[in-house]
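The structure follows.
Order of writing sets the labels: A, B and C. Residues in every chain begin at 1.
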Amino acid sequence: MKLTLHIWRQKSARDKGKFEEHLVDDVSPDMSFLEMLDVLNESLIHQGKEPFAYDHDCREGICGACSLTINGTPHGPEAATTTCQLHMRKFKNGDSIFIEPFRARAFPIIKDLVVDRSAFDRIIQVGGFISVGTNQPQDANALPVSKLKAELAMDAAACIGCGACAAACPNGASMLFVAAKVSQFALLPQGQPERKKRVVAMVEQMEKEGFGGCTNFYECEAVCPKQVSVRFIAMMNRDFLGATLTKE
Amino acid sequence: MNLDSKVPSGNIKEKWDKHRFEMKLINPANKRKYKIIVVGTGLAGASATASFGELGYQVETFTYNDSARRAHSIAAQGGINAAKNYPNDADSIWRLFYDTVKGGDFRSREANVYRLAQVSNNIIDQCVGQGVPFAREYGGLLDNRSFGGAQVSRTFYARGQTGQQLLLGAYSALMRQVGAKTVTLHTRKEMMDIVIINGQCRGIITRDLITGKIESHTADAVCLATGGYGNVFFLSTNAQACNVTATYRAYKKGAVFANPCYTQIHPTCIPVSGDHQSKLTLMSESLRNDGRIWVPKNKDDKRPPNQIPEEERDYYLERKYPSFGNLSPRDISSRAAKEVCDDGRGVSSTGYGVYLDFADAINRLGKNVIEERYGNLFEMYERIIGEDPYKTPMMIYPASHYTMGGLWVDYNLMSTIPGLHVLGEANFSDHGANRLGASALMQGLADGYFVIPYTIGHYLASNKFEKVSADHVEFRKAESDTNDKINKMISINGKKTPTQFHRELGKVMWEFVGMGRNEAGLKKALEKIPPIREEFWQNLTVTGEPGDFNIVLEKALRVADFLEFAEVLVWDALERDESCGAHFREEHQYPDGEAMRDDGKFCHVAAWEYQGVGNKPTRHIEPLEFHDVHLAVRSYK
Amino acid sequence: MSLFNWLKSSILSKVVMALTGVLLVAFVCGHTLGNMLIYLGKEEFNAYAQFLQSLGEILWLIRITLFLALILHIIAAIRVKFLNMASKPVKYQVRRYVKAKLTSRTMLWTGSMVLAFLAYHLLHFTIGVTNPKDFHVYEYYAPHNAYGVLPSGAIAKINEPNSKITQNLLDQFESQASKQVMKRHDVYKMVVLGFKNPWISLCYFIGVILLGFHLNHAIQSMFQTLGINHPKYDKCLRNFSPVLSTIIVICMISIPINILLGLTGGAL
């Protein structure tokens, strides 16, 4: 099939970007979206032009490196799917596709479609962990965890840190990312000792990084490739309020 | 060269304890005077870095990804082994040790494997302590499942995302140390070279992938945890950026490379669909717990799978290996699939695929149970192929997946270059000629959490380190070598892209050095690789500037190393004139197609020493001795 | 901790918005229920209005509380809006929303318009600035304990539903009964006269529907922000929002409709 691509081109963080139009033909429906971009990039290199830079790595939807806002939706039109797992059979011959980087103040553009998501790492650094050193824990079965809670914790832990939540949020808020980590640990007995400290520290860092506030659009949940539920945001709100009112 | 494995003397059960006691210590206050560099933030790298940070060393860690959490350990699906024996099915450290040695077809170092089995239980405790949400039973205790190559249930899992959860556990420990400022994290920086001063590895050269800046970083010891080289086949289940550069550059600086021909082909991947393909997607081996593998009995049976009656199906694994059946080890399952496809009975549009059928399991257990166990894998399959595996059997085919070979290390995980340690998939140590399922995660974390933190202390305490700065002549030289190489690539202005060369190399490697190998084919590969490499240096095109975010240059640098490394791999495959584990030489097989080892000639590790590009490297030997597991024909019948 | 520390945190700003929202929604619900008394007739409706007026200080306390809640609600909304505008400095050139609805994306607009409507509503029915002629309507009535003091004809009148004590009757026994006969605001008449004007009705129509839009997102948002949820009841809580806001809208706009159609207040 033939497609018209409008791809964001931006030389560096300081430059002003713009869309560049490219026609691609010979797109096979079995290609993944990124393979389609690979083919375009190869042909650009052959023409002596610079290919479009975009983040990607595992190409099986788990590393969270791939991004792209495709026709106005982060990770494109298919629900519960990362860009690398999106296949061209979801598009029709003759379609126009707009490809933009993830946009949020906390995700500055590095080049073309590549953005800096290190803000997420810094949020984890202030509390997204359980303070247990190597070789300190007790036997793994010493603390039973109800199956329901373990499953819920796993639902939250499924987050791949891709940043689509903040990219999709009209407020540029990353509540879903933060809530997923906070809730994972809040649901497990191992996470209890640092529960209050963690939620306060992570939320404060989130705001310091320039992410917006939640106004419950639920756009984050809609685009989340791992379908992390906004229920975790409510859990985090409750934890945060409780912690703010009662922390030492 | 004398490859001294430094395995401690004594009873195998006591070696590690004895060694831990005998190793020298550094007092807590002095630890901060030592600086360690760790390259790679996968399971091994992140866990080692976090542990070093906790101990009080100054640590710097590097990843070419934008975050430490992206390392490809994240993609491991099925699980992690440990000898907890929670299901009470007679598992033990000894049995895990035995299964791993046997699974590796008696080509691994006994003492290392025993240590791995020993610390396996601590890993599970560690991960649970970190909040890894492993699957649980209704009583709240941990659940286990069985996995290829074992007759006990010893695999812990977190849905089909075990690697992700374990990596995020290690990543969180690492981030905690970064937050505590004991560790400095460098993202988007790729290692270009190591630097040796006075015989010790004293630092690395990196390229900043955003600015293109070449930088020097000094240290007292360096750990490479940079993963495997499966992408030498171009198509593999590895991530796009996975490469051999770090370990290959260390090899060029004198570290010997052990057993490069041990490359594992994973039996359950999604078949290739076309030339555009950039990678092959793995479906967890755990699927084989409930799925039954079959092909039509008759050649050219093009009926849809549901219309092929039971008696016209060949459940070839169950037929040939009745006691292990669909859970036979990876190498055996992969070759069996190749065999039936070469026989013309393969399915899928290309004829290179076999069915993995869940109909029986769904009837027996119900769709809910299957969905709970493999839901995300089924979804992934449906997204890629566009068919519903609850209704139509999946199609699978083997693909390059894991590389058992790697830089040679001794019992302390140190390479032949003093101070250069190698962890995880990047080293060769524990899996022999074949890795069992759910053992890679185990090894990565064992190395990072429970081995290197002790052995590196011993190295630092036993050696003197003169002060070096990044202005040292060796650093300057390594920097300018790297710059020269980059400038050369930019200046070629040829016609072919790095990916084209990579694909060409991959085709040669898959055809002649893939699942089945023979002398003629390997020799042909040795003829075909050098011209590709030569063309690369004459006809490469790299767009853009070196001092910029340049994805073409990034790729070219990696492909250049694959083009040199591939030959080492082929040499090893050629010289190892036996079949063992994943290395299958067609000349050496039993009448039923099983791998035939030659313990008289090849019961050793082959480690290769660099002798210049295009020259045959020198082969060194570390003999393998088996005191506690007796050499036997590996049988899964 | 200073009184306005919460403004620094987006989550706490939202909590303030939610808590003040609880008060405002409670008020809207009470107001709706009260308004429904109009269908019981003039006597009940006016008695209810009179009861509210009779609360005196308590009424003022409620008014002040609601006013403060409204102010805090607005401050929090503006605060969150500014923060959020700053967090998304560059907008997408092409945008396709998946779950964000028109109602959730227009909260600030519906909120502002509801605020304007509220101002008009207060000026119209509470302070009586916009339509003073319709506003200053009164009726006379006798309290129930006035039996026996009044002439027999008047008693009969009082016992009738919708009884009115005319000026004429009042004159008849002014000397003896003046203390028992009272004058009160004829809210019923005021409402009916107001809504007889189709323009005013239209205005209320729009105002109430905007309020409905606002509440449709606001009520479930309130639960989400305060963290009130449970997998078992999530669906229930989310559906509660459109159901309640629809009920409120239907009840509220039924009054002008019925009056315009002459089904209510036709007799006056």
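In this text, a contact is a pair of C-beta atoms (placed from the backbone, for glycine too) under 8 Å apart; a residue touches a chain by one contact, two chains touch by 3 or more.
Worth saying up front: this structure is predicted, and the values here are computed from it rather than measured.
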Treating touching as the only link between chains, describe the layout with one word: line, ring, star, complete or other. line
Can you tell me which chain is nearest the middle of the complex, judged by mean CA position? A
CA centre of chain A versus CA centre of chain B: separation in Å? 27
Chain centre separation in whole Å, for chain C relative to chain B (CA means): 68
How many angstrom lie between the centres of chain A and chain C, each centre taken as the mean Cα position? 43
Of all residues in chain B, which touch chain A in the complex? 47, 50-51, 54, 65-72, 74-75, 84, 86, 122, 124-142, 158-159, 161, 163-165, 168, 171-173, 175-176, 178-179, 185, 187, 210, 237, 239-241, 273-274, 276-279, 281-282, 379-380, 383-384, 386, 449-450, 453, 495, 497, 499-500, 541, 543-544, 548-549, 551-552
In the complex with chain B, residue positions of chain A that touch it: 12, 28, 30-32, 34-36, 38-39, 41-42, 44-46, 48-51, 53, 55-65, 78, 80-81, 85, 87, 89, 110-111, 114, 116-118, 120-121, 124-126, 128-141, 143-147, 150-151, 153-154, 157-158, 160-161, 184-185, 188, 190-191
Of chain A, residues touching chain C in the complex: 19, 69, 71-73, 77, 79, 98, 100, 103-106, 152, 168-173, 203-204, 207, 210-219, 221-223, 230-231, 233-241, 244
Partner chain A, residues of chain C touching it in the complex: 8-15, 80, 83-84, 86-100, 104-105, 107, 217, 220-221, 223-229, 231, 234
